[in-house]
Amino acid sequence: MKYIEILREGERVNEVYLCKHRQSAVTKNGKAYENLILQDKTGTLDAKIWEPDSQGIDDFERFDYISVTGDVTSFQGALQLNVKRVRKAQPGEYEPGDYLPVSSRDVDEMYGELKDIISSVETPCLKMLLSKFFLEDKEFEKRFKFHSAAKTVHHGFVGGLLEHTLGVTKLCEAFCRQYPMLNRDLLLSAAMFHDIGKLEELSVFPENDYTDDGQLLGHIVMGTEWVGEKIREIPEFPKKLASELKHCILAHHGELEYGSPKKPALMEAVALSFADNVDAKMETLKEAFASIPEGNTEWLGYNRLLESNIRKTSR
Amino acid sequence: MKYIEILREGERVNEVYLCKHRQSAVTKNGKAYENLILQDKTGTLDAKIWEPDSQGIDDFERFDYISVTGDVTSFQGALQLNVKRVRKAQPGEYEPGDYLPVSSRDVDEMYGELKDIISSVETPCLKMLLSKFFLEDKEFEKRFKFHSAAKTVHHGFVGGLLEHTLGVTKLCEAFCRQYPMLNRDLLLSAAMFHDIGKLEELSVFPENDYTDDGQLLGHIVMGTEWVGEKIREIPEFPKKLASELKHCILAHHGELEYGSPKKPALMEAVALSFADNVDAKMETLKEAFASIPEGNTEWLGYNRLLESNIRKTSR
Amino acid sequence: MKYIEILREGERVNEVYLCKHRQSAVTKNGKAYENLILQDKTGTLDAKIWEPDSQGIDDFERFDYISVTGDVTSFQGALQLNVKRVRKAQPGEYEPGDYLPVSSRDVDEMYGELKDIISSVETPCLKMLLSKFFLEDKEFEKRFKFHSAAKTVHHGFVGGLLEHTLGVTKLCEAFCRQYPMLNRDLLLSAAMFHDIGKLEELSVFPENDYTDDGQLLGHIVMGTEWVGEKIREIPEFPKKLASELKHCILAHHGELEYGSPKKPALMEAVALSFADNVDAKMETLKEAFASIPEGNTEWLGYNRLLESNIRKTSR
Amino acid sequence: MKYIEILREGERVNEVYLCKHRQSAVTKNGKAYENLILQDKTGTLDAKIWEPDSQGIDDFERFDYISVTGDVTSFQGALQLNVKRVRKAQPGEYEPGDYLPVSSRDVDEMYGELKDIISSVETPCLKMLLSKFFLEDKEFEKRFKFHSAAKTVHHGFVGGLLEHTLGVTKLCEAFCRQYPMLNRDLLLSAAMFHDIGKLEELSVFPENDYTDDGQLLGHIVMGTEWVGEKIREIPEFPKKLASELKHCILAHHGELEYGSPKKPALMEAVALSFADNVDAKMETLKEAFASIPEGNTEWLGYNRLLESNIRKTSR
Amino acid sequence: MKYIEILREGERVNEVYLCKHRQSAVTKNGKAYENLILQDKTGTLDAKIWEPDSQGIDDFERFDYISVTGDVTSFQGALQLNVKRVRKAQPGEYEPGDYLPVSSRDVDEMYGELKDIISSVETPCLKMLLSKFFLEDKEFEKRFKFHSAAKTVHHGFVGGLLEHTLGVTKLCEAFCRQYPMLNRDLLLSAAMFHDIGKLEELSVFPENDYTDDGQLLGHIVMGTEWVGEKIREIPEFPKKLASELKHCILAHHGELEYGSPKKPALMEAVALSFADNVDAKMETLKEAFASIPEGNTEWLGYNRLLESNIRKTSR
Amino acid sequence: MKYIEILREGERVNEVYLCKHRQSAVTKNGKAYENLILQDKTGTLDAKIWEPDSQGIDDFERFDYISVTGDVTSFQGALQLNVKRVRKAQPGEYEPGDYLPVSSRDVDEMYGELKDIISSVETPCLKMLLSKFFLEDKEFEKRFKFHSAAKTVHHGFVGGLLEHTLGVTKLCEAFCRQYPMLNRDLLLSAAMFHDIGKLEELSVFPENDYTDDGQLLGHIVMGTEWVGEKIREIPEFPKKLASELKHCILAHHGELEYGSPKKPALMEAVALSFADNVDAKMETLKEAFASIPEGNTEWLGYNRLLESNIRKTSR
């Protein structure tokens, strides 16, 4: 397959892409045309259908996989596809996995690591609770492996929710080794549950956008409520432990102004909010620096999450 | 009964009070004594047992109703009771209702008003949900009538939760009359549910203090989760309406930094957050001015909730 | 008359509009043309004179009513008028009331409601003061009925100042019913005066922009000073009441950072600042949702006044 | 006269002081006594009347000048006067000027400097306006010379308002020399008027506390309104200049959150707000360091106005 | 020479300019062209090379002085140069001083004033330290005279660092005259050193942009460290005085959030931070008003440094 | 030795303690007495000398080790020592290590761990720089082992600076394992240097208070400058690496308002600021919970560093 990131000006393209966006428009001269955004897992590409009524331009819709024929041109420094022919592709003509940004790590391997950590949890009721989600519920597992952790910022790719959850959990393990006063089982459980509400907050790929519930309620409250529901199915779950676990999830954004309705009040809640923040910032920088060659120390300008100008370190 | 607010220096007292606080201490000369705080519904009174080992000083504990004999003295401008005899009072010697601050309005009358509003709600599933709490659950009704709405600030008295809930609901009714675009049934339901989480956030009188769950989870999240649970018992409850109702409860503090995990995004959520704020501030001023005689326009100093110096208006 | 909001692509137009904006420009090819913004009470429309030197293009200026002939085209999703002929319209060819955004309510009816409220004020000196502005000064009445309450945000239309003032005053009436401790006469008077400074802060339509004094002094201080001047004409006006009334006006934005030089310190000042805020936010949402069909629950994105993403409630 | 600042433990005192504060109290043993605060221009002194009913203790009230006889003792590191005899002093027994904190500079000399600056103002209408206040109104002059500029912070002494006004005006003169684009007449006039509202905001000595109007309206608005009134008596005063002058007064606190309803928008308003701030901070430090010996570089702890720990500079 | 600020539409130009920016682009039709920004000391000009491959278009690079032939056109209200011929200019064809924005004051005269102030410093070790930088180090003097004080805001021109430093120092002199408690030698030394770190923070003209060290360390810390190094070469320099001087430099931005790691704690540090702020704001306004004719009181919109809408004062 | 933490009411004590504080005072009856605070490594104890002029009360000063004889009493819930005899202790009568709060870990062992990490650094110039401080400079090692990391908050004990530095460095190691993009040598070096400025910011025990330089310059700038000085002794140290290392130190507080003059702009600077924050907060909680028995889940009230009420987790 010819991926978007390797296209060059002047090429003729004949390939299936995912149509992420479609909008009709009119040129200054009053001629109708179509604006498209095409996507595969390596990036996105602007495309124009200058003659939408010509032969060879068939019907299709946003989020269809489409087979396009056209020429790569360059406009104001960016590549653009001048579409000559387009039609909806048939299942079998394409491999869905090629069209979405994906984690650079293998999702099954990562899920395996998560399972290993679950098996190291000793408190029976916590282990039971984790099993209800991560081990016994196959539908949950499937969704959890496929979901992103964000719409646009860090971990906004297939497997992103899993990769971030694993990263946070492993940081928490490191914290437990260094600060033995931490309740390891509570902290690791909270880490694995902290973002499960994102399964409801963001729609699945290829849309990957905020849901109505996501905007109204948010992943913090939805995740807490979900965990609360499952806990009620475990009669022997201690009430105090349940509240502590839910507190850790509620407080994981660390500050009221970041959407946590409570500030971290337990040592584990403090640790979890740090782990979440560290993994988010490290991944943000990793993604920002991904395409910068080693040794390039140019400044990249202002990064909103870091609230600072940033650059790659010399080495 | 001889209420605390009418005691005068020099009186001998022989009465039953609630013991709100008890602590042992030592004078500069090394003599042990006891610090008490006595309470009835009109206020509190410092009391000292200077001779804790003398005859007539029987055993009792914090939150007991105690029969005390002693003399009212004055120390640094405040009254103090010098306790000579004390013993635990027997049920029948006192009327619990005399010992807690209570709403100036009749709780049954207020609850009746709330029921009238419920009967005016037309949307069946909302009416059904309201009934499950306010009409069918007698234990809920009893708790709801007795609870306060706060530990120390406005509405911190028996019936306070009911009085505040009714006040907010009636403001919302007024808003609906003025802004017909508001969904009346949604707004009134949200108003009646907005603070039910306080039943779990604050312990019952006479303690009336934050519970463990109150500190870890807060009334906003607990109330939302509680409403969510009951909604699941009504299969035909529309999912979107459920999320909108829960959003109104979540967002009723209006700002993230006041503990709402979401800002109001619906017209009804905006209206509810204003109604809550208006009723809280009006009651705060009412309580602050309660003991100020008509026509007295002395400044009362800084009020933390209002974030301003305040005074009563001339009239 | 053919209103802007009902124009469709492809139509030929022959109508009088208000010219809100006019600017000369040059195409990429170096050809001069004219950018216009046309306005009537239903909205605005971009227009282009591609041949400014051709016959049929007469002289006119910004804020003139102009008779235009041209074709409606569509450019980048928005309509545009391609002007073929244009000339200044003669008085009699148009009805000024058709060209400005206006309140959906009848201004005389609203003014009548305001007068009714004034007649319910019992304190003689306040009633006298209100009369001096709203009843006796016909020039004031005329300006007050025609003015907007804002340049761009809520109530930015003819009659907007009146509609907002009436809305705030009626909310204050509702507050008085619920909180009898409020001094009704003081609060309602303050409500009716709270924004009269906007008559000086904003220029009249069609300009409706900040005046020099508006920027230098602001409506809060100008309104307070104006009321102060008139009070000096009423010798028996109690000094304390005068200061309380002026305080309510000064403090009606509620917070120093919103331009009030004092925080509300009186119960009536607190109530007024809430009423102003409630009416502003409700109207903002009403205007934002005005063109959204019933049942459409799409998210409208970030609203600056609400500081939140917003959407219409399902119903 | 024996000033408070030179009293030493063990002395017998027989002197007239101003009674700034008086309150009845009761010892732990139940004995009534009186707490006084005595004042002269060098400071204040706690005093106790342990035997308020004894012979020699006559009637007097707060703000009376009282003749006291007593012994200087030391309690917890501070001096205290044990009062044996006290009576109201007769006019003639004391010199009021000895009992209030006063400017270290001669008020007539400072007022002369202010007059010299007024005579250098060239714009006729501004000169006329300044004359109406500072030259022609002898009652104004008398009040202006006697008033303080603050209740507790910098310039809280007799002559303080004049000293601060002169300091600010002279800084503005220096700014004019360095930045010729500044309109000297406007800036110096605004400087001289900027705090005249304090004549109404603070009561006169010895009380020197916020007035009711001071709390409700504040010196910024009252001063602006006062200047506005006088301007209306000068028909030829240009409207734009009037607004600019009033803007400078309104904006002199520099930030909305410091009580200015407008941010400085003119070069002169910016300059005035800096001059006010510089003079306030320099005087605050001067007063804080006044009693610190040369060469002592001990840290004085946190200063609220400077928002920093401070110390005197080594030299 | 034909300066950019006097070019008019329709002119043919044949002149040498500095090429500040160069970028290749493609028209909508797919044709390659070049975007340039040309600069001389009077301003900048957009230029286009529509036929980059035609004869007469020679090689050149960003920051080259280039000889261009072309026609001045107007596009969307701004002038644009349509370049027909271009080549790298030879040294001798141009005078570098004509191509950079420069101080309106003579740099040697300003430097002379600075030297006069140095000669008035009496404390030997401070005088010695000043000499090491400003008198003995000719390379430093040359750089100091040529540097700007900012990338884009106030004093962003050749000589700007010197002009700002002199302005701040003279304000400090005025403060010393008015507040004799200030240590004049310490304050004036700190004023002269306060921005020397900008020599490292910003690259030299024509680039005048943040350096890598500027972004990583900042001029405040670099300047402090530089002064610290030189102080170590003066063995008799008192340690306390050294720390006080360095504190004044560190604290000169006045607030932690403006990048000072310490708040001003000494009277001189407070004075310096004010002088820096006053000079910056006055110069900002001077530059903003530079091209506004006398008497024009149009509002200029929001100014980011002043955080307010601004306008020129009427006169 | 009889440590303070095991003293009980009623005991007679005959022991050497460090005198941390001494102040003369007067009882209400006018009798002079002495307030002392005694200290050993287990805590502090209030002590009173009621008869300072009696035999057996010898001369001594603050920070002396004193041999005291007295009785343990209890006053208002706290123990107090009633001192009968006191004299300065002789060297040999006490072991200084017994009188200061100390790290619970062995300082030599921790220092050994730090050396092991240094030996794992591969970049020669960084290793050389680390050696100059931690390996070659024995005086530095001695001071570094003895110093605290704070006056009052976390790690305020002998060895605290070392324990905190080691904790931060080990967290950074964990971050490097999880995020391989981090430059390990740079990050670990920055971690070990990040707080060395505290050697100058805080005086040594037993005083352990802010120094004059600490208040004027702060540990962030002093540490950066110190590292900069040593780097200049290593000619081959790359300039860019030097700036990156210094940037990490400068930015380690993470936010301008916490005293860092630059926000973290490099991945290592971000990681270091998190590691510092995590270790500080974990230690704060550890110290807060140190004396709370396992299983006690009482709320401890508001913790200023955490900005939340806190409690120990149930287990």
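Worth pointing out:
In order of appearance the chains are A, B, C, D, E and F, and numbering begins at 1 in each one.
Here, contacts are C-beta pairs under 8 Å (C-beta built on N, C-alpha and C of every residue); 3 or more make two chains touch, one makes a residue touch a chain.
Quick caveat, the model's predicted, so the values are computed rather than measured.
By the document's definition of touch, common neighbours of subunit B and subunit E comprise A, C, D, F. Shared contacts of subunit B and subunit C, meaning chains that touch the two of them, come down to A, D. Matching residue numbers shows that A-F is the pair in A-E, A-C or A-F whose interface repeats B-C, with more than half of the contact pairs in common. The chain pair with more C-beta contacts between its two chains, of D-E and C-D, is D-E.
Summary of the copy comparison: rotating subunit A onto subunit E for the best CA superposition needs 120 degrees, to the nearest 5. Averaged Cα coordinates give subunit C a centre that lies 44 Å from the centre of subunit E. In subunit A, the positions touching at least two other chains are 212, 215, 240, 244, 262, 265-266, 297, 309, 311. Chains touching one another form the pairs A-B, A-C, A-E, A-F, B-C, B-D, B-F, C-D, C-E, D-E, D-F, E-F. By the touch criterion stated above, subunit A contacts subunit F in their complex at residues 167, 170-171, 174-175, 177-179, 181, 183, 186, 238, 240-241, 244, 262-268, 270-271, 274, 277-278, 281-282, 285-286, 289, 297, 306-315. Those residues of subunit C whose C-beta lies close enough to touch subunit D in the complex are 212-213, 215-218, 220-221, 224-225, 228, 240, 243-244, 246-247, 250, 256-262, 265-266. Interface residues of subunit E, counted against subunit C in their complex, comprise 73-77, 297, 299, 309, 311.
Residues of subunit B that touch subunit F in their complex: 23-26, 28, 30, 210, 212, 215.
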